[in-house]
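Heads up, the next two complexes both have chain A, just with different partners, chain B and then chain C.
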Partner chain A sequence: MILRRPFFWIILLIAAGFTYAPLHGNNVSLREDLILIAIAIILASNLNLMIGYTGYVNFGHIVFYGLGGYVGLYLTTVRAWNLVLSALVAGVVVSVCAFMFGLAILRLRGAYFALATIGILQAVQAFVSNFDPWGRSTGMYLSFNSYQSLGGARRALWITYFLIVAVMALSMIVSLVIKNSKFGLGLFAIREDEDAAVVLGVNATLYKAIIYSVSAFLPAVAGALMFFKNGMIDPSIAFEYMLSLEGIVMLMLGGQGSVIGAALGGTLYEKLRSYLLTSPVLSNFHLVIAGGLLLIVVLFAPGGLIGWAYRLVPSARKVIE
Partner chain B sequence: MSGVLASMIDGVLVGAVYGLAAMGLSLIWGVMDVINLTHGAMIALGMFCMYLLFAATGINAYLLLLPTIGFGLVIGIVVYWMAVHWVVGRSMLMSLLSTFAVNMMIIGIGTAVWSTSPYNVNFVLTGITIGAYTFTGNHIAAAISAVVIALAMQFFLYRTRTGKAIRAVADNREAAELMGISTTAVLSIAFAIGIALACTSGALVATLFPFTILSGAVYQLKSFVVTILAGLGKPFGALVAGVLLGLLEGVVTPFIAVSWIPLIEFALFVVVLVAFPQGIFGKRATT
Partner chain C sequence: MSNLLEVRGVSKRFGGLVAVSDVSFTIAEGEILGLIGPNGAGKTTLFNVVNGVYKADQGSVTFAGKDITRYSPDKVVHLGLARTHQIVKPLNDLTLLDNVTVGACFGREYLSMTAARKVASEVLQQVGLGDRAEMLARSLTIAGKKRLEVARALAAKPKLLLLDEVLAGLNPTEVATMIELVRKICDSGVSVLMIEHLMQAIMSLSDRIVVLNLGRKLAEGQPDEVVHNSDVVEAYLGFPDIVDKLTRTN
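And now, the complex of A and B:
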C-alpha cells in the first residue's frame, strides 16, 4: 500500500510547505521562485520515468510541456473553457498522441530512440510554427477575460500556483507508485537488459509506449497551467530546447532512478541557474557550467547526489526513495 | 518544370555536403558504437573556423579547408580524451550524455563569444549559367570538395594500414586487440577524423549559407537522417544518401515553405528506421 510508505508522507509535507510558505505574508516574489522550482521538479520527475526507470534518454521532453501549453491556451482562450478542464484535456490529448507515436517509435531500441526524440522536438516545432489556428510563429495571447472567471487576475495567479504545486506533488507520487509496482519492475528489467526482459514475458514495446505517454501527461498539464499564468505562448518559448537539456542535467545531478533525486536535482539546479543568470560575470556561461556539471556527474558519479548519499548511508534507501 | 530541375541539381550539390557531415557521424558510430552528439556543435565550430580564417587571410575559401581539417583533428583528440574515452564500452546512455554535455559546453562558449546573430563568409566564385538558371560557383566548388574528401576517406579506410586498423576495430574490438592493434590509439584517431569531417562540412556550409552558432543542430538532424538512410559503417554510402536527401529537398522546396523541411526529414527518418532498420544500403544487422 502506498499509504504505508514513509516517503509518501514526505511528499505531502513538501507540497504543504510549498503551499504555506508564500501564503504566509502574501509573499509574491517567493511564489514566483517556488513556481519555477515546481516546474523544474515536474519536468525532472517525469523525465526520470524514462531515463531513470526505463533507461531511455528523451532529449525532447519539453515537447510535452509546450504542446500542453498550446492545447491549454487554445482551449481557455479560443474556446473559453474552464482552466482545470482545459489543463486536463491538454494532458489527455498530449498523452494520447505520445502513446500512438510511442507505439511506432519505441520499436526502436536504445540509441535510435534517443535520436528520434531530438527529431521530434524539431519536427513539432516546425509544425506548430506553420500551424494557422495556433498563430504560427507569433503564437497566442490570453484574453484578459479568462482571468475574470477565476475572480480577477490576482486570485487567478494564486489558483494557478496551487494547481502547479498539486501537479508537482502528483508527479512525485506517480513516480513513487510506479517504482513500487509490478509495472515498474518491468521497466527496470527493460533498463537492465531488454532482451532478457522480453524473453521473460515483458511486452517491452507496450511498456515503453505506456511509460512514454505517462511521462507526457503531467508535464502537459503543467505546461497548460504555466502558459495560462504567463498569458502568452509562442513556439520559441514553448519548445525551449535549453529547458529540455536542463531537465536532463537536473535529473542526472540529483540522481536518476530516484524520486527524491529528481526533485532535489530540480531544486538545486533551478537555484543555481537563477544565481548564474543574475550574476553579471557568469550569466553568459551558464550553459557551459551546466554542461560541465553534467559531464562531471556522468563520468565520476553516475548515481548523482542521491547515489552518493545512498553509499554513505545505505539504510536511507528504505525511507527516501 | 525546368525550375524544378534546376532546384534538383542545386539540391544534389548541397546534398554532397550533407553526405560529408554524415560520414563523420557514421564513422564514429560504426567504429566505437558512440553516437556523437557533439556533431552539431562541431559543424558550427567548423563554420566559425572558416569565418575567422577567411577574415584573417582573405584567400580562396576552399584552400582554407586544409587548416580546418587540422583544427578538427586537434579538437577531436581533445574531446576524445575529455569525454569519450571513459565511456566507450559503457552503456549507450552514458556516451550519449557525456558527448551531449560537451555539446552544451561548446554551444555555451560559442554563444558567449559570437552571440546567436548570423555571420557569413563573403567569398563568391562565378557560377555557370545554363539558360535562365545560374548555378553558383560556391555550390559547385563545395560539392567537388566534398566528393574529393569523401574519395580520400574511402582510399584511407581501404588502402592504408591505419584505415584497415580502424575497420578491424569496428568489426571486432577484442580480435583486433589480439592481433596487436592498439585499440585506444585507433579509437582516438577515428574519433578525431570523424570530428574533422564534421568541421570540414561545417566550413563548406559556411561558404554557401549564412549561419549562427546554433545552425549546427539543423545539419546534425540531417546527418542522422543520412546515416540512418545509408546504414552504419558505410562511409561512401553516406555520401550517396546525402546526395539523395539533397535531391529530395531540391524536389520539394519549389512547392512548400522551407520551414516545413525539418518535419519532412523527421518523417523520413522514422519511416526509414521502422521500415529499413539496417539502412537502404546496409546488409549486416546493427544493434
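And now, the complex of A and C:
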C-alpha cells in the first residue's frame, strides 16, 4: 500500500512546505522561485518515467509541456473555460497525442528513438507556428477576463501556484506508485533488457506507449497552468529545446530511476540556474555549466547523486526510492 | 497422451539462408524431448520460432490445442510456454528476487506483485539461489545466471519449458547440480524441450531426441537409436563409418 511508504508522507510534507513558505508574509518573490523549482521537479519526475524507469531517452519531452500550455491557454482564453478543467483537458488531449506518437516511434530503440523524439518536437513546433487558431508564430495572449473569474489577478496567481504545487506532488506520487507496482516492474524489465522482458511475458509495445503517454499528462497540465500564469505563449517559449535538455541534466544529476533523485536534481539544477542567470558575471553562462555538469555526472557518477549514495551505502537502495 | 506441442513443417529463412527447413515434431504431455545438432544446425532458431520471437515463413506451431504460429512471445508465455536463453539475459540492475518476480508476474498465472514475490522466493529456493535473493543479477557467476534463467522461466508456471543449452559453460560440479534441477522440474510434471550439446546429459534426461542438421530434421527417436544412426554420426564427425573404423583399429 502506498500509504505505508514513508516517502509518500515525505512528498506531502514537501508539498505542504511549498504551500506554506511563500504564504507566510505574502512573499511573492519566494513564490516565483518555488514555482520554477516545482516546474523543474514536474519535468524531471515525468522524464524519469521514460529515461529512468523504461530506459528510453526522450530529448523532446518539453513538447508535452508546450502543447499542454497551448491547449490550456486556448481553452481558458478563446473558449473561456474554467482553469482547472482546461488544464485537465489539456493533459488528456496531450496524453492521447503522446499515445499515438508512442505507438509509432516506440518501435525504435536507443539512439533512433532519441532522434525521433527530437523530430516530434520540431514537427509539433512547426505545426503550431503555422496553426492559425493558435496565433501562428506570434502566439496567444491571455485575456485579462480569465483572471477575473478566479477573483482578480493577485488571487489567480496564488491559485495557479497552489495548483502547480499539487501537480508537483502528484508527479512524485505517480512516480512512487509506478515504481512499486507490477506495471513498474515490467518497465524496469524493459529497461534492463527489452527482448528478455518480452520473452518473460511483458507486453513491451503497450507498456512503452502507456508510460510515454503517462509521462506526458502531468507536464501538459503543468504547462497549461504555467502559461496561464505567464499570460502569454508563443512557439519559441513553449517548445524551448534547451529546457528539454536541461530536464535531462536535472535527472542525470539527481539520479535516474529514483523518485527523490529526480526531485533533488530538479531542485539543485534550478537553484544553480537561477543563481547563474542573475549573477552579473556568469549570466548566460548557465548552459556551459549545464554541459560541464552533465559530463561530470556521466563520467564519474552515472547514477547521479542517488546512485552515488547507493554505491556508498548499498542498503540505501531499499530506503531511498 | 495428447500432444502438448505440435510443430508442423516449419521453415525460417534469413535472406538467402534457410535456417530451419520443413521441420516437424511433437511433444507429449510430461515428455522430455532433446534437440541436438552441430553448431549452426538451426536449433536456437527453431526455439525462437516456437516461442514467437521469429515468425515462421511456413508451417505452424500448435501449443495446447491453440495455433500460436503468429503469437508474440509475451502471449506465448501466458499460455504456459516459457524459455531460457543460451546467451543469458539477466536483468542486471534488478535483484534476483525482482528478476524472478518478473517471470511470475507476467507468466501463465499473471500474478499480482505480492503473490508473485512469494512464488519468486520459492522458485529461487528451488534452484538453489534462495540465499542470494537480494543480490543484483549482474553480480552472479555464469552458472548462477543460467540458474536464474531457469528460475525466471519456472516462475511463469509453464506447462512446457524450453531450455537452451543450460549446461554450456558450466564446470562438472555445476553440470551435475543443473542436471539434478532439470530432472526435478521434469518430475514435477513440466514437459521439457531442451537443446544440449553435452551428450551424457541429453542421453540420460531425454525420452526422445530430435537431431537437426543444416536446418533439416535428420533423425528422431530413442536416445540409443539416434546416436547410432549413421546419418547422425556423419553430421557430427564427417564420416558415416568412422565409428566402425575407430573400433577396428583399437
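Note that the second predicted complex is superposed on the first by the 314 of 321 C-alpha atoms of A that agree within 3 Å, B and C clash if a C-alpha of one lies under 4 Å from a C-alpha of the other, contacts with A are read in each partner's own complex, and residues count from 1 in each chain.
Operating definition for what follows: a residue touches a chain if its C-beta (ideal position, glycine included) is under 8 Å from a C-beta of that chain, and two chains touch if they have at least 3 such contacts.
Remember, predicted model here, so these are calculated numbers, not experimental data.
Of the two partner chains placed by superposition, only chain C is touched by A:188; chain B is not. Once chain A of one complex is fitted onto chain A of the other, the partner contacts of A:290 are limited to chain B, with no touch recorded for chain C. Residue contacts after overlaying the shared chain place A:62 against neither chain B nor chain C. In the superposition on chain A, A:298 makes contact with chain B only, while chain C stays out of contact range. Residue contacts after overlaying the shared chain place A:127 against chain B, while chain C stays out of touching range.
Contact with chain B, but none with chain C, is seen for A:111 once the two complexes are overlaid on the shared chain.
Contacts of A:87 after superposition: neither chain B nor chain C is touched. The larger set of touched chain A residues comes from B, when the choice is between chain B and chain C.
Of the two partner chains placed by superposition, only chain C is touched by A:202; chain B is not. In the superposition on chain A, A:252 contacts chain B only, with no contact to chain C. Those residues of chain A whose C-beta lies close enough to touch chain C in the complex are 180-182, 185-186, 188-189, 191-193, 195-204.
For chain A in complex with chain B, the residues that touch the partner chain are 51, 55, 57, 59, 104-105, 107-112, 114-116, 118-120, 122-123, 125-127, 129-130, 241, 245, 248, 252, 284-292, 294-295, 298-299, 302. Across the interface of their complex, chain A is touched by residues 35, 82-83, 86-87, 91-94, 96-98, 100-105, 107-109, 111-112, 217-218, 220-221, 224, 228, 257, 259-263, 265-267, 269-270, 273-274, 287 of chain B.
Against chain A, the residues of chain C that register as touching in their complex are 51, 53, 72-74, 77-78, 83, 85, 89-94, 98, 101-103, 105-107, 110, 112-113, 116, 152, 156.
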